[in-house]
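The following pair of complexes shares a single chain, subunit A, combined with subunit B in the former and subunit C in the latter.
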Partner chain A sequence: MSLIKNNSKGSRLMPILVPVAGLLVALFFAAIFILITKNNPLTVYGTIVKSVFGSANGITSLLRWMIPLLILGVSASFSLKGGLWNLGMEGQMYLGALFATWAGFTFVGLPGPVIMIIGFVTAAAAGFLWVLIPALLKAFFSVNEFITSLLMNFIAVLLTDFFTIKMWQDVSMGGQTLSTHNIAESAIFSKIIPGYSWHTGFFVAVIILLIYWFVMKYTALGYRIKTHGFNPRFLKYGGGSPPRSIIYSMGISGAVAGIAGFVEIYGVNGAFFTRMFSSGIAWDGLVVALLGSLQPMGILVSSFLFGFLKIGLLRMERFTDISRSVVTIIQAFIIFFIASQGALQTLKIFKKKG
Partner chain B sequence: MNLFIEMSKITNVFPGVIANEEVDFSLKRGEIRALVGENGAGKSTLMKSLYGMIQPASGEIRIKGELVTIKSPNDAISMGIGMIHQHFMLIPTLTTLENIIMGVTPVKYGVFIDGKAAKKKVEQLMEKYNLHVPIDVLVQDLSVGDKQRVEILKALFREVDILILDEPTAILTPQETTVLFKMMKEWSAAGKAIVFISHKLREVKEVADSITIMRKGKITGNAINNDITEHEIATLMVGREVSMKVEKTIAVPGDVVLETVDLNVSDNQHLPAVKDFSLKVRAGEIVGVAGVEGNGQHELIEALAGMWSAKTGQMLFKGDDFTHRSIRSRMDIGIVHVPEDRLKTGLCSEMSLWENLISGRLENIKFSRGKGLFFRFKSIADFSKKMIEDFRIKIPDHNYTLKTLSGGNQQKVVIARELSREPQLLLISQPTRGVDMGAIEFIHKELVALRDRGCAILLVSADLQELMNISDRMIVMYEGEIVGEIPGEPYDENEIGYLMAGLQKEVAK
Partner chain C sequence: MSEILNIELVAAAIRMGVPLLFAALGATFVSSCGMMNIAIDGSMLVGTFVAVVAGFLSQSLAVGFIGAGIGGMMLALLIGLLIVKLKGDGIVVGIGGNLFAWGITVFILEELFRMKGSFTASPVPSFKAISLPIIENIPYLNTIFSGYTLPVYLSILIAIIAWIVLYRTPIGLIIRGTGANKEAVKAAGINTDMVQIACFAVSGFLAGLGGACLSIANLQGFWTENMTAGRGYIALCAAAFGRNNPKFVVLACLLFGLADAIGIRFQVLQWEPSFVLMIPYIVTILMLWASSKKEVL
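Entry: the complex of A and B
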């Protein structure tokens, strides 16, 4: 299918080059800070790389973190391609996780794969319905989705608190934990390598990425989402419906974010805890998408990079005598540099809209 | 020496493009020199380097014999050069006076604006050059012609000797144009020199003393007005023989294809834009809609195409009411729309040629399996290649984005996509705006050929010459109403001009 490819020759490599170049610049500036702490940057970097790639534990942790990053990266890409900001991924993920958990402990009697499918669908539905509110407001009343979707995060997280504590709390521990019942054992993603956290939810993530690639490249749906991102008036002129495109692109984004919650529960946690996800994960997904120029290959590479950073910086604290605050500074540097680069690339889409 | 300006061997280079190559250009005191050429020939670039907006890569500029470097428009103004751009650089929320004196405000006691002195000076200027504009009115409330006069006054207030006018007539009615030309002649008699950038040859012949013709960044001819014919200028501009007049037979109108009955459309401010509009367009005829822009033509076409909804009244296609049908179902029955603004509506310049060509036909079995589920790239590619060939689109291949294409080529993409739908009713607006002469000829021929195949065409254009060239009959719109119908050639330009200005209506009252 090389008959139709995108534009200029350079653009094929760009999605990979951008994140990598960004990382290099970031490492250079971070090195200055490491020097200030009287450490040798090269040794520090060496330690990080060794700590991640030097052990099976490190590599599998990296791959395990790639799972939610990939899925959330795709989620963000679906909205960004449509010229829309779904900043409510965190809330959609929380609700997806909560309702997938509900399905997991409610349908205990059913075979494992069936429960997983039910969990998957409930999570997607929860994410979809939650994003539908800002999507409909945007589609029919031109209410800025940037703000509405963002603010709905707070409501979503508080709602999950309510459901966990008031409705589905696991009281077998005497109410000592703020968590739901566990989901059925049979419905948990098996580990790819026994003993390590990397689980088969990884394939779900890869399939979602492939679907994203297929939809954007081969289908009228992807074409319409993309066209809406560039020029909604042109979409309308060609017989398309901008409101419908908004609902599709935001709706799919929300459903995919919900699925990210499902995969975390069924792959790692097994039950829903209040405030269980680190607050940054959904934002990391957004950065992964921007950094990867919304291209499938780019999303793959940048989710790998982000997984590496997550594990690497965690271990840097553990294996070097650099203080936590310096690690945070370095992390901020890296994110700033690679993210701003990717963002600049992608934001060209939005520039015209003013 | 009476030479005001001497530009010699000016070369301007943009990344990958040589916009001007060793161009010589000169201007005498009291001369009106027309600078003509197709879009992209390098006229504006040359003048921008004279006005200090860009720095030439090489070459010399002499003003009154003195070698100068012009680093910015401020430099240019201080050397006596003023430029009136195609797009006004006025602040709509300030008054005429405030716009004119902006930046060169007379000051008293070192801080306060000396309003009285400024006003007096501007009034003297208006008197001297016979340029009268309401002085204390906000610029946003002025007519287009008045805004242009404010721009000119702005330049004159800065005491320039040389005025560069970049396509000044593009936005004027024939009558306003006549007034402008009269003023230009007065200024030149008073010793000012004028560069008149245009591609309308008739106007150039009417007003210029001498003519410089450019093509592809080079000068292809310099002549005294009386020594050269329009036809010769056109040939020098295009580089080959161009037929100025479209060859066409007399129309043989068939059945009524489009009929509107008492159509009313509001504009985006909810004000009535089209009023009780009733019109019939028959198969095999081109009906031209003349009018100064902003008199409801835009809203009329948008409503007919389905981009905008009508308030009251009916639209009939071969007798069937389609007033409330969707854009897509209008496309399905053969109503095709070429919008006035290709960059905002007709195209997506960030996307590739093939992506632009399949717009509106995604579900077509030829281009996708399963109604848009899986694109057939092979036949999309074949179709794109055929369009490139049939419509002579200059593009390396169908995967290229349209961003870098010239206006003419972009317009050809729109025309290719829409005409290949084999329309029964074509709604077409400003088909050749910003398009070069070669492409204009091509597009006009395509439209006439389409008419001959039995299509009904409703053509809106701000270019009266274009309307007179290809319309089989014409209507004139003024403030949303039809104020005149001209059954066919010969067209009387003066009569149409009066109708466009709404004068007939006043007389009738």
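Entry: the complex of A and C
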């Protein structure tokens, strides 16, 4: 966990420099894979930049993708700050989305904003309850939360399959689509610019980021979480309770991941489909958090960069014959870059002393 | 209940447990030297893929199987170097390795074979069931001991070798010594970094073979994107649950295989498939909980 501690001491510019450097390094390695496909990496990257920033449609799609990335980045940061690995964000997001959808089509009669609040709360509750299982196991039985939370993803996704197909399937289309009923029209986030996919859920994401910043900087809760991340024993000597901190940090992380599901449903999809999110979504959030050094500014920057990468490569697939899987490979290289950062810092220290 | 609990179930449990056993034995080596290889899942995934692709291209079963091991080993070597030499965080690097395995397999599938989602070319050479002489004529014993593919028998052999190497040879002493007290082993003049990287390589090789079992032994040469579905993590738990001793790791893998096999049987009873597929994951979590007080993993 040295990586998290190191970064918190870095200079003010670190949260911005690290993501940019990480992306550049990863793009360099990804260029090798693009060369294999007999394309020119520079032309490809040029096309990506042009296709994203060259049109209003491109920019708004980027901002639309920033919404889940930001929220998931905050979710991952809440657990990582506490020195814990919540790798169950995918499952929490799925369940959050599913139960928010349920709220959306069950309370159709109520006014839109009320439905949204109910959806928000159910999604957060679903994510919270789901993460509670690995959190409690970690807090009271020291079961490694890394693997349990990850395995919970598979269970969660299968659970949503069951609910969608067996309980709430929309049979109006003859049962052909594996999706639930649509949520109330009045509860859908309005678009910020009419005609483009960027929606007001963006403000929810920004508020969540601000809350993260505030909690970590000014509250006792944030202090507890950080202290637990630094060293659970310190927390204990200081009179705090490590199990309680584990539940706070994992629990908030899970609730926020659930909210990411809510925002996707109420902002974009309007109904729950089986296997609707790409299976890399939780990794995206984790990379955003790590790349942003768990700092609010860093999360903002890296979610922007990652949104760009995602949209860019999706578009690239349309114009060239390069596989979208390049984005997963780039992600892997970014992670390798982050992981070897600790090594780079130690090298610097040795040079100064020597 | 008789269509679930019968002698065939034992055979099914062994069949399902073997891919895990290969990977878990690999994990045992890394855990013994004091590290953790999260990227076991990635090595397994590379193994499933290489087994099908190399087998298809060469039309040789041996090339597919060994190639799977080598593919898994290459990934594990990369991970091992990043962790041991560059002092990267084990979990972060491991996550990166699993993502890399996922990305690279899909990339090759789409770029080289122009296929999406799954490998559909044929024929892919795959393992056929072997009937053991004499035993195949004895009732009950034939179901339990005969009629498996070659990797099943091989896995038992490798488990025995792993146990001998780890607990009865000087090499094993060095590996376990590195895990228990790295500085002491270093003081004895042994390059512990090399020991750990070698353990990563062995773990990747075995995990790759385990992956091959999934795609060309349990299935007849079939591959889909991300087909390990977290089995590498389950193998990691099996190694921890077996306290990194091959003797117990075999039992742990049998238990996980049993959970898998029972799940498949329940589909016969028209159980909800979603719930059936959850069983292995739930069992793994419960087993981690059950063994928590002993502070494994």
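In the analysis below, the second predicted complex is superposed on the first by the 296 of 354 C-alpha atoms of A that agree within 3 Å, B and C clash if a C-alpha of one lies under 4 Å from a C-alpha of the other, contacts with A are read in each partner's own complex, and residues count from 1 in each chain.
Going forward, contacts are C-beta pairs under 8 Å (C-beta built on N, C-alpha and C of every residue); 3 or more make two chains touch, one makes a residue touch a chain.
Computed from a predicted structure; not experimentally measured.
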Partner chain in contact with A:172 - subunit B first, subunit C second, else both or neither: neither
Partner chain in contact with A:231 - subunit B first, subunit C second, else both or neither: first
First (subunit B), second (subunit C), both or neither touched by A:218: first
Contacts of A:85 with subunit B and subunit C, given as first, second, both or neither: second
Dominant toucher of subunit A (residue count), subunit B or subunit C: C
Which of subunit B and subunit C A:239 touches, first, second, both or neither: first
Contact residues of subunit A, present in both the subunit B and the subunit C interface: 1, 3
Residue ranges of subunit C touching subunit A (in the complex, touch as defined): 38, 82, 86-89, 91-93, 95-97, 99-100, 102-104, 106-107, 110-111, 226, 229-230, 233-234, 236-237, 272, 274-275, 277-278, 281-282, 284-285, 288-289, 292-293, 295, 297
Subunit A-touching residues of subunit B, taken from the complex the two chains share: 305, 307, 326-328, 331, 337, 339, 344-348, 350-352, 354-355, 358-360, 362-363, 368, 371-375, 377-378, 380-381, 398-401
Residues of subunit A touching subunit C in the complex: 1-3, 33, 36-37, 85, 87, 133, 137, 141-144, 146-148, 150-155, 158-159, 161-162, 165-166, 279-280, 283, 286, 290, 322-323, 325-329, 331-336, 338-340, 342-343, 346
Residues of subunit A defined as touching subunit B within the complex: 1, 3-7, 217-221, 223-224, 226-227, 230-231, 233-234, 236-239, 349
